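Got some structures for you, see below.
One chain, chain A, appears in both complexes that follow, with chain B as partner in the first and chain C in the second.
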Partner chain A sequence: MQDVIVAPAPPAATPQPPRKRRPFRKTAEPFGFLAPTLVLMFVLMVIPVVLVVGYSFMDNVILTKEPEFVGVDNFVTVLTDGVFLTAIRNTLFFTISSVVAHLVIGLGFAMLLNSPLIGTVSRAIFRALYILPWLFTAAVIAVLWRMLLAPNGVVNFLLDTDVEWLASPALALGTVTFINIWAGYPFFMVSLLAGLQGVPAQLHEAATVDGANGWQRFWSVTIPQLRPIIISLTLLDLIWTSQQFALIWMTTGGGPVNVTEMLSTYTYKLAFSRYEFALASTSAVLVLLMSMVLAFFYVRHQRAED
Partner chain B sequence: MSNEAQGRRRIVLVAGVTAATLGLLATAGCGAGGSGDSGGDVTIEFAQWWEPELPDGEFQALMDEFEKQNPGIKVELISGPYAATKEQLFAGAASGTMPDVVGLDGAWVSDFASQGVITDLTALMGDVGYDDSELASQIQVDGSTYMIPVVNFVYPMFTNDALLADAGVDAPPTNRTEFADAAAAVTDLGDNTSGWILPLSLETPNGIQNDVMSWAWASGGTMLADGGPDVTNDDVTSAVEYVQGMWDDGVIAPGSFTMKEQDKVEEFTNGRVGMMIDSLAHINLIREANPDLEFSISAVPAEDGYEGERGIPYASWGIGVAESSEHPEEAFKLVEFLMSQETNAELSSIAGAFPGNTKSTPDFVADDELFAEAFEIYQAGYPANEFTGLPVAEQLMRLFGEQLQVLLDGGQTVEEMLEKTQAAWEAEF
Partner chain C sequence: MPKTRTSTPADGSVRTAPRPRSKIERRRSRQRVGVVIGLVLGAIFAAAPVLWMLASSFKSNTEIFEFPPRLITDNFSFDAYTAIFSDPEKVQFFVNSYVVSFSVTTLTLLVAIHAAYAFSRFDFPGKRPINMVIVSVQAVPPITLLIPYFGIVVALGLYNTYPGLILTYMVFTLPYAIIMLTGYLNTIPKELDEAVRMDGAGSLTALWRVLVPVSVPGIVSVGVYTFMIAWNEYLFALTLTRTQDMRTVPIGIQLLMGQHSYEWNEIMAMSILGSVPVLVLFLFFQRYFISGLTSGSVKS
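On to the complex of A and B.
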């Protein structure tokens, strides 16, 4: 069977009224308004991301004058590196434990602060007190806890022990996770408190009238009302915590041995200690891919909410 | 839409497009600039981390003196903390915008030289007819000098005299057996005191260089053979076995695996540690923080019966010239000025360091007993830091540190540790 191609009739044969085109100014105008944002996004996001992705397919970039394309060699090297796999395991433990604890502690404190038993003044005082850890930068948190947890530090003095909290391979990962939990729960607490204050009192009253006890009201009224906030916060926290670098770097540097090595510290060491910028880019691209999975769910959740 | 509203809209639009265009132009414009001639004068840029570490204005005064002696040459100082300078230079190396004269750490030299971003000083010295006989040392890669150490900070042994006396030790130990005995005696005092302190943080792994390898160097040992790694040799094996022995005896302060240099100094300053190997640069810091602390300085103990010259670990403020410099001769004039007998003595005096010019004598040697003692140790031995000039020196220390941590944690034997380190190092060379 032959294809039949119907040639369009020459425009001259059947003169049509000229299509009504939007004037160029009208079409370009929205882009004019968007221009500053587009330029910023292009310069600060698109160019670096494209460069790093490009680097991950080259042999050692930056240090070599004329880097060559090496295909997926870098990905094979990174993915078969035992330390990278350790870093993935540690990052998973660190992230999941942190996020779960952030949620539980944040929700607990938020409910305490939202209790009608607390007066306005005490609520304000406790709110300020509980939010303090969130106000410190990672450097301050790291220095603070390094001093508290030092072998001759306050914690060992109070407990009357001589435990090497950060320096013992058995305890280090748990300790940095604890520090991160301490530093991050206020974000959950503040957001959930705002959510709790938005739960209509009538719902609780109606449930009480129906004979629900406190526990039942918590599971059937509070949690469903907070669900959208909890999902958003959890996804955001998963993304942030999986990329935590400063705290780990300044407390343990990824050690002892490799027990607190995270994807972030692994990537940093490749770039700034071994100057293997191509391998570091590869590791960064892998982290980007993993983060994108989380970001995908976050965006989808946000859309569903809209 | 009213005329007024349309006018406002147009203004916003024009402002948006203009901002975007300016943004693009500004981005494109980045990276231009650098050293140049202005009004007949040559301006050379000098990036270093030294100015912030010296008393206010002292380093600038030296530069003013240089400009006075060399009319027509201006020096623009680019100063920042050590870590920032390092990052800036590595970025500059990548983008080809190195300042004319650069402050260098020995650990960076090999990387910069192999990238071809710092110039071959042997050739430059030949071109300008410079006599290098007064230079205490030169850092070479493949037989050519790329860095000249301007001043050196040595790492002797610090002893807390009061703690040692309490433990019944009369004089600072001079050999390994005496050191181990003294460390055990101090630890036996109890009350959270330890004989020795060993920082092994993997974030800043310089403890491997200063606190571990110094034991090998102090007995004339080496960790290299023919420019390549040789950590399985007897020198390093015996040093590592010695460190492990002290670890097993429990005389090392707790917290080693994440401890950094500043933690070490802090513990010593607070009087909880009997002995440490540390930079002479910290003397004033210790005195200010704890004026009552009685401490003295001696050479790092050597193997029992060792009579030869002792290698003493050191760190340098080194200097080099960028390959891309448009004014290499003027840049070298600045190097020459800093290495001259008088200037070098002055810089050493204000930095509390030892001169890179063999003829210079810093003031503090006459004024301060501890510095005088250290200067004697420095002159009796030789500066030893085999990490200087090696590729990815910091990474080599980290690899060694990781294996040492496994060893001390009971995960492997000394032989296994050194063999794994050797293999890891060979991969980096």
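On to the complex of A and C.
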């Protein structure tokens, strides 16, 4: 299951009475309530981000006491590393394929569940079944699919094939992407189902009266109504999926020969397999920059919605 | 949907039915068949792997890859589960996960409810920027934080300890909890706690005597979600612990994959047991859970 980023709706500022000087105690009070949060955020976020950005311009960090400033050398090294470029390509493929498939499958299932042609009980049952993949953590999903996709596993039996799904250089990237698609669509489905239930029935009726068929109603009523949700979900999923580590690490570990290497696994290996903490920090800063670009669009979109 | 030209319904009911079914009714029933087929195919896609995992946990290890594969095999047994419960090392994974997850949940709720109270009921300089920071913190990649965390945790002597995990997990759980709880407190009329404060009680009393009791549903749903994030966390647990006796369930599952020969039935049993807390929480709190989740992305 993924961490959830929700509702950045800033609390509505209370309408202010004409400015009066408030006594110090009044101003200090909310900071008293915020103090533990501010301290934790400073220790867990501000300091680490400053450190990692600092490390990215140094050498010999963490492991030795004498780091030296090397300017942008690390950035040159990382950006010209063929494996880093492969990792970017793989991350792009993995992320975009996953997000598109999450959206298509999530919307398809949400529309099936929202169909007026099925009863309440069957809707509840199917919804529970469809949510299932989402309730398992990445470690469980990884071992489950490793069993299913083993050379003598049940998938090869059903397809009458004899394929090393996760070990073949030609198939591994597609396979981990498929597993991620299976694991991640329910978040879209749940949110889109809630969205579909909020589409006013009159809109569909009006479109029907105007002679629109099902396909036309889908494109001219359903999709425009869901657009804000779809944009939010897509941006959130782009952020999460591009950061995916656990699933890749436990299925392929980035192999075979880097064909499933992602930015996350590449960075992890630099730090904790090769102990190149400075280079790892550089890679981590680049990943941070990409996430911040996506987060910027997400926050801006949410603001616009408010 | 192609239009049928014949006037006879497909099911031949025209002879017995007193009145022929209308065109619309026939189209409806064909649509229903389509929807049901879609639903069933979707259910197979979603649930068959999970069913196979459950079934495999009851097999003997040799039966898991038998040919042809069967869902229920001759040696149906709970042996894999017994094996896990009788191995103190594996039980320890669960103990660790529960200790860490409950601690993270308690601390997160305690810190977050006060922050949410400040955001919901007070105006103060820097309110918007602080709120923006808390929102955007959620997009910072865990891998970016991991490298400095490793250095900090080692330097503080928290490497391979519970506090090391509990503290670092709060970077994920705290922003989410603050945002959700602020939203929840905003739905509670201000008059409620202002009345108490007018009577001379302090703000802290108003929070704990008035707001917290009426916010129980919101606190519970945030607590459930926090617990799940902590229970499922993998990257930090992998990197910030070292010894077997400090490992959490997700790492334990992975360790089973590496040890001696693959005991697939035990791996599956461990996976099921490791998923039970989340499944149970979801079952009981489904309604809160889904509404909490979607409240951000879905605007009514």
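Everything below uses one rule, namely that the second predicted complex is superposed on the first by the 280 of 306 C-alpha atoms of A that agree within 3 Å, B and C clash if a C-alpha of one lies under 4 Å from a C-alpha of the other, contacts with A are read in each partner's own complex, and residues count from 1 in each chain.
In this section, a contact is a pair of C-beta atoms (placed from the backbone, for glycine too) under 8 Å apart; a residue touches a chain by one contact, two chains touch by 3 or more.
Nothing here was measured: the structure is a model prediction, and the numbers come from that model.
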State whether chain B and chain C clash or fit side by side on chain A once the two structures are superposed. clash
For A:Leu203, select first, second, both or neither according to whether it touches chain B, chain C, the two together, or no partner. neither
With the two complexes superposed on chain A, say which partner A:Leu79 touches: chain B (first), chain C (second), both, or neither. neither
Where does A:Val143 make contact in the superposed view: on chain B (first), on chain C (second), on both, or on neither? second
Output check: A:Tyr130 vs chain B and chain C. Expected answer is one of first, second, both, neither. What do you get? second
After lining up the shared chain so the two structures overlap, which partner does A:Val49 touch, if you call chain B first and chain C second: first, second, both or neither? second
Classify the contacts of A:Phe33 with the two partner chains as first (chain B alone), second (chain C alone), both, or neither. both
Identify the partner contact of A:Leu236: answer first if only chain B is touched, second if only chain C is, both if each is, neither if none is. second
In the superposed arrangement, which partner chain does A:Ala284 touch: chain B (first), chain C (second), both, or neither? second
Looking at A:Ile62 after the superposition, I want to know if it touches chain B, chain C, both of them or none. Which is it: first, second, both, neither? both
Which partner, chain B or chain C, touches more chain A residues: C
On chain A, which stretch or stretches are contacted by chain B in one complex as well as by chain C in the other? 29, 33-34, 36, 38, 40, 62, 146, 150, 152, 249-250, 272
Applying the document's contact rule, which stretches of chain B touch chain A when the two form their complex? 12-13, 16-17, 19-20, 23-24, 27, 87, 90, 94, 111, 114-116, 192, 200-204, 253-259, 263, 267, 272, 392, 394-395, 398, 401-402, 405-406, 409, 411, 428
Of all residues in chain A, which touch chain B in the complex? 29, 32-36, 38-40, 43, 62-63, 65, 146, 150-152, 162, 164, 166-169, 172, 249-258, 269, 272-275
Within their complex, chain C touches chain A through residues 1, 28, 31-32, 35-36, 38-39, 42-43, 45-47, 49-50, 52-53, 56, 64-65, 67-69, 111-112, 114-115, 117-125, 127-128, 130-152, 167-168, 170-172, 174, 176, 178-180, 182-183, 186, 203, 225, 228-229, 231-232, 234-235, 238-239, 249-251, 253-254, 256-257, 264, 267-268, 271, 274-275, 278-279, 282, 290, 292-300
In the complex of these two chains, what residues of chain A are touching chain C? 1, 3-14, 16, 27, 29-31, 33-34, 36-38, 40-41, 44-45, 47-49, 51-52, 55, 61-62, 108-109, 112-113, 115, 117-118, 122, 126, 129-133, 135-140, 142-148, 150, 152-154, 157, 182, 186-187, 190-191, 194-195, 198, 214, 228-229, 232-233, 236, 239, 243, 245-246, 249-250, 263-264, 267-268, 271-272, 277, 280-281, 284-285, 287-288, 291-292, 294-295, 298-299, 305
